[in-house]
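Every chain is named by a letter (A, B and C) in the order it is written, and numbering of its residues begins at 1.
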Amino acid sequence: MIAIPLNVRAGLVSLLILATLLIAWHIAVSGSGPTAKVDPEYAKLMGATATQGKSAMPGPIEVGQKLWGLVSDPFYDRGTNDKGIGIQLGYSIGRVLLGFMLAAMVAIPLGFIVGMSPLMSAALNPFIQILKPISPLAWMPLALYTIKDSSISAIFVIFICSLWPMLINTAFGVASVRKDWVNVAKTLEMSPGRTAWRVILPAAAPTILTGMRISIGIAWLVIVAAEMLVGGTGIGYFVWNEWNNLSITNVINSILLIGVVGMILDQMLARLQGAVAYAD
Amino acid sequence: MSFENPFKKTGRTWNSRSGNGCSCGRHASELDHALDRSSEDARIRSAVEETVLRAVFPDPIARRTFLSTVGSATALAAIASVFPYATVTEAFAQATPEKKDLKVGFIPITCATPIIMAKPMGFYEKQGLNVDVVKTAGWAVIRDKTLNKEYDAAHMLAPMPLAISLGVGSAPVPFAMPAVENINGQAITLSIKHKDKRDPKTWKGFKFGVPFDYSMHNYLLRYYLAEAGLDPDTDVQIRSVPPPEMVANLRADNIDGFLGPDPFNQRAVFDGAGFIHILSKEMWDGHPCCAFAASKEFITTSPNTYAALLRAIIEATAFATKDENRKQIAAGIAPANYLNQPETVLEQVLTGTYADGLGKIVKDPRRVDFDPFPYQSFAIWILTQMKRWGQIKGDVDYKAVAEQVYLTTDTTKLMKEVGLTPPADPLKGFSVMGKAFDPTKPAEYLASFPIKRS
Amino acid sequence: MTSNHISVQGLSRRFPDPTGKGETVVFDNVWFDVAEGEFFCVIGHSGCGKSTILNILAGLDRPSGGTIVAGGVHVDGPSLDRAVIFQGHALMPWLTALQNVELAVTSRHPGWTRAQAREHAMKFLALVHLDHAAHKKPSQLSGGMKQRVGIARALSLEPKILLMDEPFSALDALTRGSLQDEVLEMRARTKQTTFMITHDVDEAMLLADKILLMTNGPNARVAEIVENTLPKLRSRTDLHKHPNYYPLRNHLIDFLVTRSAVMAKGDSGDFDPKNPPLIRPTHAVSAVGPPQLLSGAPATDQAPVTSAA
């Protein structure tokens, strides 16, 4: 028996599971619903569901075909309200990255302060605990009302929701830096700034990056919801537009693409996390 | 209003509007006149000439006497020697829009047809405007984006400009509704499982969807239910549901029916989820539904832009009125960039030849129609219903609010400019479900209903 | 007073009692001096405050009372002149061995170029025979190697005073031995003033010039200062053959086993904290009985009575 490596075996099992799910899905939607005997003139005016009992839920083949259609021409632009999926995803990713970067620029320094100063930690804690659990979609109306611009509001909502994991993780990482290392910095007469940059930051980096990974996941979740609410451009808007047309196929495709992009974003940060990891 | 010799044998005086033909006399109909660009320049020039003549001879009899004595050409020449027509004509023609790039929001329903079709069919371009029609997620969002000026103007439900001006449901900002988008075009659609329950008296406990609280749909549904003796707040449940979700909710049995905009009624039939119980036209033929609205601020700061925009929409509306254009319009607004619906659904809605969901094909060409004139009596009726259901409390000066928000004068002027015939009486009466409405007596009308909240 | 002299004057360290009533005194009224170039060890049981004294010397802790003057300066916080070698190497795991040493070099010489810093750091890594492992991360080094990097780091500062906090206690016996040999070798070469904490008697005997003995804590105090009576130039291989070996060793072990506790409990009698007794255990030839301990007067100029040097 040739020993098959674990990765390969796992891959095969995954494929098997996928195939089973697809087949089950196909069978579930190929059933026929009730059809009525209708006058052919009338039938011309009706959709396939009513006349042929075709399931309203699309099957995997149909979804696959539509998916191919979407990704093979991702950058078309047929007007304000009809752009290719590549463009829509681009808008969404752009907003996410912007909101996320802004959040990182606030959360990480603030996390440092909270981690290094017990006073600030205790003082800021009530605010953090109250603001942290607020759902992004609850922020949306407030943002729209005060900021008055829907694009900026969407970015603000991303910002306010991706702030917390990064803040908390940074604070934790900073506070947990091994005392030994800080002592080394002290005995080397390193200034607080130099200590923060050369000792505390690299020491806390893995924890900070964990926080960032969590945050980007949340940010991606939020943007889809925010765009559905506000519309305009973006993958969330695309989903809503397709829902408008009751095109479940494209809604499913959008969900798939949302998942794929979310995974890519997460993987990018995972790489970064690997780069700053150290064995202790 | 061209400069006509009042004693021509045709018997038309300079202010006559009746008869066929067009106002300048060179076209077969008003519409052809409206669509003829070259005549517009001529019209502008003749408008200037007429204005000047009126200024010189304010008394109409003296004016006619003068004309008959010297003849129109001489009269013009005489005045031309002392008055710079050319400059004035140029100045008036160059009433160029202050702002050429505009954003107009719309909700993807057939009510917005004039606003939407004006883009692919070039009506905006004709006025020198570059308009971006932006599909919007919902009525609340369209209101907010217009309030915060992301949109210059928008497609709104007819009651919304009234609500916004009165500060109901948002901060009070003066809004104006110079044009109604469509009349009729809605329907009560019920779930297919209720096909044997067509008597509204049996609808106790039903759940209905309407697009928005401040909508004709809400008021018409409530009126219909109240006529059947049901109290809309206690005997049934009425919820706000976004139009696309109405069909899905119907299928999922979350609602038993809805009074909503097309194309979703037809779409429900198309997908086999429901049937059309009654067209809104059968409740009140000629009721307004959606409107073109803009803030008063936009109107006062960019008057030329506003005029150009309104002109484009009025022309588009005129085009849409004609039956022979409907199929073409359906094809124009079906793509994903606009309504994103199957073309046949839109055709059925616009042409009025449709499947009703119960096996019959019905022909009703006026199922949806387009008439831009914002009758102030509409506004007054809406206000009485808003008061009836407790959306506005306290006393309302019906006439004053209606006049401020439904800008009949603007529309009248512009309709004439594009060669349409504006109605003479902005306060026309009408009947709703057989009951007459007299707009001069709103308080009595309101008091006459047994079921109300106020 | 020379510039590398350490003078500990009346040092005490107290903590508020966790239960809130009164204080815990770790040690009180400690006085001792370390001469320039001297290798000074402190031995005592856990809890006697020897690490605390080192921390105060390093500037990482503050005394509750008393002061220290070291290298001509009043000790008030950490200093590059008082380099520390920590018990658990305390290397930054994300930096290579070389980078760890460079960190110290650039702290000491901020104006140097990268090349200069690198060269200097490599020199000290070579000193501890680790130049071949310069680009390895600490996780790739053995325990002994990591500690050697720590030593290189401290030495690269070329400090006035070297502070060692039980540097080899976390290592296995063989590694410990080889590192001690290296330190011995460096001691011969550099004559660096060194202050070391240990609880390993053999280590102290190998490396130290003077050994401070502390009673058990709490309320620990200096018991006595023992002079290392073995020859200055030592080697592990024949150290135990020297006649003073066992007297010295016995004295130290005896202290650790018995006297540290007894002295802690008993009253200090005529013990003068400023002048702790200086003991020089030697082998004294005596007609009667086993080798005896000759207890000397506090003065350091008493001639030792030895048979052979």
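As a convention for this text, a contact is a pair of C-beta atoms (placed from the backbone, for glycine too) under 8 Å apart; a residue touches a chain by one contact, two chains touch by 3 or more.
Everything numeric here is computed off the predicted structure, so don't read it as measured data.
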Chains linked by the largest number of contacting C-beta pairs: A-B
Chain with minimal offset from the mean of all protein Cα atoms: A
Between chain B and chain C, centroid-to-centroid distance (C-alpha), Å: 95
Gap in Å, rounded to a whole number, between the CA centres of chain B and chain A: 42
Geometric centre distance via CA averages, chain C-chain A, whole Å: 57
In the complex with chain A, residue positions of chain B that touch it: 108, 132-138, 141, 144-145, 147-150, 244-245, 247-248, 251, 267, 269-272, 335-338, 340-342, 344, 348, 354-355, 359-361
Contact footprint of chain C on chain A as seen in their complex: 178, 180-181, 183-184, 186-190, 198-199, 202-203, 205, 276, 278-280
Chain C - residues contacting chain A, complex: 58-60, 78-80, 82-84, 86, 88, 90, 92-94, 103-104, 107-108, 137, 139, 157
Sites on chain A touched by chain B in the complex: 36, 38-39, 41-42, 44-47, 49-50, 56, 78-82, 144-145, 148-150, 228-232, 237, 240-246
